[in-house]
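Shown below is the structure under consideration.
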Amino acid sequence: MKKIGIADTTFARFDMFKSAVDELHKMGTGFEIERYTVPGIKDLPIACQRLIESGADIVMALGMPGPEPIDKQCADQASKALLYVELKKNTHIIEVFVHEDEAEKEELKGLADMRAREHAVNVYDLLFRPERLEEKAGQGKREGYPDVGPLR
Amino acid sequence: MKKIGIADTTFARFDMFKSAVDELHKMGTGFEIERYTVPGIKDLPIACQRLIESGADIVMALGMPGPEPIDKQCADQASKALLYVELKKNTHIIEVFVHEDEAEKEELKGLADMRAREHAVNVYDLLFRPERLEEKAGQGKREGYPDVGPLR
Amino acid sequence: MKKIGIADTTFARFDMFKSAVDELHKMGTGFEIERYTVPGIKDLPIACQRLIESGADIVMALGMPGPEPIDKQCADQASKALLYVELKKNTHIIEVFVHEDEAEKEELKGLADMRAREHAVNVYDLLFRPERLEEKAGQGKREGYPDVGPLR
Amino acid sequence: MKKIGIADTTFARFDMFKSAVDELHKMGTGFEIERYTVPGIKDLPIACQRLIESGADIVMALGMPGPEPIDKQCADQASKALLYVELKKNTHIIEVFVHEDEAEKEELKGLADMRAREHAVNVYDLLFRPERLEEKAGQGKREGYPDVGPLR
Amino acid sequence: MKKIGIADTTFARFDMFKSAVDELHKMGTGFEIERYTVPGIKDLPIACQRLIESGADIVMALGMPGPEPIDKQCADQASKALLYVELKKNTHIIEVFVHEDEAEKEELKGLADMRAREHAVNVYDLLFRPERLEEKAGQGKREGYPDVGPLR
């Protein structure tokens, strides 16, 4: 039995946790899920660290940075700290960030839903079937958007 | 009995410590507060580290970066170091920064007061009732400004 | 018998792994190769760390950052984390990044192929004949592009 | 008997060490001073680390970054490394940087002198009377420039 | 007998190693030199780390970043990692970077030669006569360019 940790925020404007969990359950079984909700994206790194210490074999960090320059800076700080935790704990943390200015409102909901789902597949693959990732190496895969495919 | 550490600066132009403490006491009991005042925001990380070593279960870092590019850079350096302390000590540090150019003077006072208070609620929730945060996940919460709410 | 680790991504639009392996085998023998494929460039640092823990004497990190500012930022975060792993594990990690906006499509394929190959030579040199690098010191060598040569 | 470490550079164009020492001696007694001079600001972090290992209870890092973009970048790198040493050694390092483009030549001398002096007071306060800092919290204190005071 | 480590690259377009060694030998005796050549500036940090582990008492990191924005970013990453090694190993690493766009070609050769030589003097001073640096504190020293001198 594996454990998948999922950290999310009250700052985000869409419940990506629900999308990720729904997709994970479509993929298969053999795992349980633990959630840790924090105020903002800069609180995600410690949430992920604690999820790993609580037994998570892999973690998803769900965040939705705002459109202002300061939001971009916070996202950059959070990303760097997530990488630090990942290396310190030697455990994959899949960062799932959707920037509020990536798309218009209605489209943004679809993007957040799809990105959470497609990264949930990555999480499942890393945990249970890494050979699937190797098959897709260099294939121009994208999460949330259509794949761009390999160069021709 | 829990301990909440609060670090603040002489550089700031508003006493956010007072707002945070007032709000914390409105929330409930079961905690004591320890304060550590330093000259500027770049001194906050070590103040937070020492508060944690002094027994704090969670820390607030109150700062008010100036409006110049160099101030923004200092804030970025301070934020990164706060994240580092947080992960090293495995203890939540809630960064409460109000940028001097976020609003005009009178409005800035209200913003600083409100942000300190709303983050004080986050601190209380993280410490005593994390389930409240989970209920608010993905709800577009903001601190200091009105909530933007979930995408519709 | 040495081990060369190679980490690559499903995000990349060209199979640089194939080029690197082909070139390595042209160089000589005395090594085996282990591969670790991840979704994106920010997952490369932990892949490299795990390859080193799995016995790799040197690692290549193959990535192909997209053309948007956010892609550049991700590449910067990934590079910094790769450096951190390299120093923590005291093992060379050769970063082989090809930016999607470095060249037009057809040319980009050639660039990715050539950069992977020329860095494969660097990897071989670092592992088996470091004196070759010393001979080329200060000679304006470039990987993927023609050498610019020493200043005259 | 406390020890105050002071690191400075040959790159700087004003002897801030002299100003800091003069001011410290005006404040009181009970401390000795150890100096460590290095070529440039990027050498300050290791100088501070060595001063702390040599017994310093607090350190001042005196630097004067040049006006070019590369100088700003070096200052940013140095600042981040100073924060890292501070947290690693759990010892306050007060960064006293005067940017060459902050003021015209004659004014710049006065600024460097005053900033070194006013930060020397901070150092003394942190070491001997931290309650003074608490009294000044949120009061809009500035070092080198006139205080801006609290928001009204 | 002291050991001076020198790390350099095949990317650089001028043999700064030769200049540094020539100048060091003009300064005096009592040291031996160990060289470690790598492909690019981002490989310098691990080269320096290994030189220190091989017994170097101080290290020079010689690099020549290209003129493009990506080159500047690589130089920034390398510089930060060099600082990290320096602090981790508690050993001075003197960064000697010459940016390709600092000067025109012929002038660039002279600049690279002079900067390597003047930093070689710094290395010698740090190792054998630190009091020389203290004498030059605040004097506006520059490496590669004429000294700007103290503010008047």
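Lettered A, B, C, D and E in written order, each chain numbered from 1.
In the analysis below, contacts are C-beta pairs under 8 Å (C-beta built on N, C-alpha and C of every residue); 3 or more make two chains touch, one makes a residue touch a chain.
Just so we're clear, the structure is a prediction, and the values are computed from it rather than from any experiment.
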| item | value |
| --- | --- |
| Rotation angle superposing chain C onto its copy chain D by C-alpha atoms, nearest 5 degrees | 145 |
| Chain A and chain E, separation of their C-alpha mean positions in angstrom | 41 |
| Inter-centroid spacing, chain E versus chain D (mean Cα positions, whole Å) | 26 |
| Multi-partner residues of chain A (each touching 2 or more other chains) | 80, 84 |
| Going round from chain D, first to chain E: chain order | D, E, C, A, B |
| Footprint of chain D on chain B - complex, ascending | 8-18, 35-39, 42-43, 45-46, 49-50, 53, 70, 73-74, 77-78, 80-81, 84-85, 88, 105, 108-109, 112 |
| In the complex, chain E residues that touch chain D | 76, 79-80, 83-84, 86-87, 90-92, 94-95, 99, 119, 122, 126, 130, 133-134, 136-143, 148-152 |
